[in-house]
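Here come two complexes built around chain A, the first alongside chain B, the second alongside chain C.
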Partner chain A sequence: MKIVGVAACTAGIAHTYIAKEKLVKAAEKRGHQIHIETQGTIGTEDALTDEEIKAADCAILAIDIKISGTERFKDIKTIQVPTEVVIKSPNKLIEKAEEIVAKN
Partner chain B sequence: MADVKRNGSIINTLKQHALTAISYLIPIVVGGGFLLAIGSLMGGVAIEDFNSKWGFADTLYTMGNQILGMLPVVIGTGIAFSIADKPGIAAGFLVGLISIKMNAGFIGGFVGGYIAGYIALFLRNKMHVPKWAEGLKPMLLIPLISCFVVGMIMFYVIGTPISIFTEALNNFITGLDMSQTLLFGLIIGILSGVDYGGPINKVVYAFLLSLQSEGINEPMAVLMLASMVTPFGLTMMYPMQKIFHKNVFNRTEVDTLKTAFPMGVCMITEGCYPIIFNHLLPCVIATGIGAGVGGALSMFWACASPVPHGGLFAMVTMTNPLLWLLALLIGSLVFAIVLFFILKPVKADSEIVLDESDEADINLSDLKIS
Partner chain C sequence: MEIKDIIDTNIMGVNLEGKTKSDAIDVMADILLKAGYITDTESYKKDIYHRETLGKTGIGNYIAIPHGLSKGVVKNGIAIGKFKNEIPWESIDGKGVRIVCLFAVQDADNAGNDHLRMLATIAGKLGDDDVVKDLLDAQTVKDLRNAFLNH
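Presenting the complex of A and B:
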């Protein structure tokens, strides 16, 4: 499946990027296509395009804080989760996402 | 935003608003804190009267002083914005300003920010106006009504109790005797350290920021130290392996240290995560003891940091920086000794591969699905 998402933590310098890396690794291991945007304290990097979001099966928001642009995901299945969970259990989260997408 | 949050616990949502505000706050405090500290090192003072003579150092001091004095506004606006989006900003801003005037400080801005945000959100979602007035709603009605209501609440209901509470808290902390100071440092050190930047640490952080806005900077130095004990301690264990001929790290873990230590210098614990997750319980025990000891020493030696982030780079701004460094090194050494003796020896070239089944189960209440 195709996954898009955003990672953002409080300080915006470490958890954000660790969460992104963990998600990407876990998703690719299970054969998914994934693109994660980061909204760190430096601002938005690796921004998602509208086409990517449209084509995605689900969005994973690994965020501890309010992010900008949540309205972009209103038409697709969205799973929001604290960065801590992503860092601890990335593979389980991707499995969960598969279940959630399969149910629909 | 509001519609994304249908599931998930209330506590998580409230926490997210606080964290959002803190994420806006950190760069502001760091910028202001450094300016203040540099200005103060150069002998600057706050400029009261711009008609009299003032110097370069005074400008730095004044910039920092102005920024730090505005923290209740930043936190109030940040929380209200997180809750209600743009319509929350006016009321959140006002709450912060009133909080400063009433000496309700950071706590006033914090509590008021939630009230302001939810009033604005309520008006935004529940107030129905005729079609011709739709433009007036965001332009006039929400800002006016939300500011008025939250202002009344601040003045007549919560402002005074919070300012009394803030003052009592400050008197309590500035009035601690020697053994209480040690105990306070110990507790702050343990709480800031044991969950490695997780929710306990963030609650303590918010509390310490509120003390900082009252000019009490010693506890923040403890928190900074506690966040650095783990990377420093783990790094100290590397030479200990050679000295005591006991290997506790495998090759991957040694590699991790190469990035974990420089990150630790900048007060980022996360670089140590790979090692911490391999030995979670022993690490937590060692961090608790090490950060507690370091924290108690730092409080006892009255080390204070006006800047709430930055690690070793913040040392230039500290009171008693060398004693703080000493406290950090002692705390880290304690951490290293404790962990070194708890951990079982391993072969240097062994690899720990984390299996998927080793991962913690996901708590469904952590997920918000929409």
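Presenting the complex of A and C:
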């Protein structure tokens, strides 16, 4: 499936990028396409396009703070968790995303 | 700029001694001070401990990433220390810590996005299990450095 998402942590220095790496590794391992945007101290990087969001089966928001642009995900299935959950159990989270998407 | 430009063995150490988180942060801050990355240890540590109050910096697998923006920092970098003993630390898997990656990040408008982007890249690598394995196996500072450069 196609997954989009955003990672953002409190300080925007470290957890954001670790969470992104964990999500990408876990999703690709299970054969999914994934694109994660980061919102950190250096600003927004790897920004998602509207087309990508439209084509996605679900969105994963790994966030500890309010992020900009949550309204972009209003029309797709969205899972929101703290970065800690992603860093601790990335595989479980991807499995959960698969279940949610399969449910329709 | 590439990762190798910001990974600096002058701010790495192995076989470090410490019993507590406070010992570990003291040892690592001292390494940063001696290498010229920070000038004001007290204000730097205050900013690090402030971040510690906001949430766990133990990311599991015996790795901790204390960090924070600080005016005490004059050069952005990551001190990486491997400790002889497991140090108790607030972590997401309940384990202690053997590897401390202490981020020194300038709190300034001209902090330099290139540097910060590299720090972000290095942080991302800590999300890679292969990098973590190499760090835990490292015997020398060169091994620590290579853990980041080889993956």
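Going forward, the second predicted complex is superposed on the first by the 104 of 104 C-alpha atoms of A that agree within 3 Å, B and C clash if a C-alpha of one lies under 4 Å from a C-alpha of the other, contacts with A are read in each partner's own complex, and residues count from 1 in each chain.
We adopt the following convention: a residue touches a chain if its C-beta (ideal position, glycine included) is under 8 Å from a C-beta of that chain, and two chains touch if they have at least 3 such contacts.
Small disclaimer: the values here were computed from a predicted structure and weren't measured.
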{"item": "Superposed partners chain B and chain C on chain A - clash or fit", "value": "clash"}
{"item": "First, second, both or neither for A:Q33, with chain B first and chain C second", "value": "neither"}
{"item": "Which superposed partner A:A11 touches (first chain B, second chain C, both, neither)", "value": "both"}
{"item": "Contact breadth on chain A, by residue count: chain C or chain B", "value": "B"}
{"item": "Chain B versus chain C as contact partner of A:K20, first or second or both or neither", "value": "second"}
{"item": "First (chain B), second (chain C), both or neither touched by A:T44", "value": "neither"}
{"item": "Partner chain(s) touched by A:K96 [first = chain B, second = chain C, both, neither]", "value": "first"}
{"item": "Which superposed partner A:D64 touches (first chain B, second chain C, both, neither)", "value": "both"}
{"item": "Partner chain(s) touched by A:K77 [first = chain B, second = chain C, both, neither]", "value": "first"}
{"item": "Which superposed partner A:K88 touches (first chain B, second chain C, both, neither)", "value": "both"}
{"item": "Superposed model, chain C segment overlapping chain B, candidates 1-9, 37-45 or 109-117", "value": "37-45"}
{"item": "Contact residues of chain A, present in both the chain B and the chain C interface", "value": "10-11, 13-15, 18, 41, 64, 84, 87-88"}
{"item": "Chain B residues within the chain A interface of the complex", "value": "1, 3-5, 8, 12, 16-17, 19-20, 22-23, 26-27, 81-82, 197-198, 202, 263, 268, 270-271, 273, 277, 309, 356, 359-363, 366-370"}
{"item": "Complex contact set, residues of chain A against chain C", "value": "10-11, 13-22, 25, 38, 40-42, 45, 64, 84, 87-88"}
{"item": "Chain B-touching residues of chain A, taken from the complex the two chains share", "value": "9-15, 18, 41, 61, 63-66, 70, 73-74, 77-82, 84-85, 87-93, 96, 100"}
{"item": "Residues on chain C engaged by chain A in the complex (per definition of touch)", "value": "51, 54-57, 59-60, 65, 67-69, 92-93, 103, 105, 113, 116-117, 119-121, 123-129"}
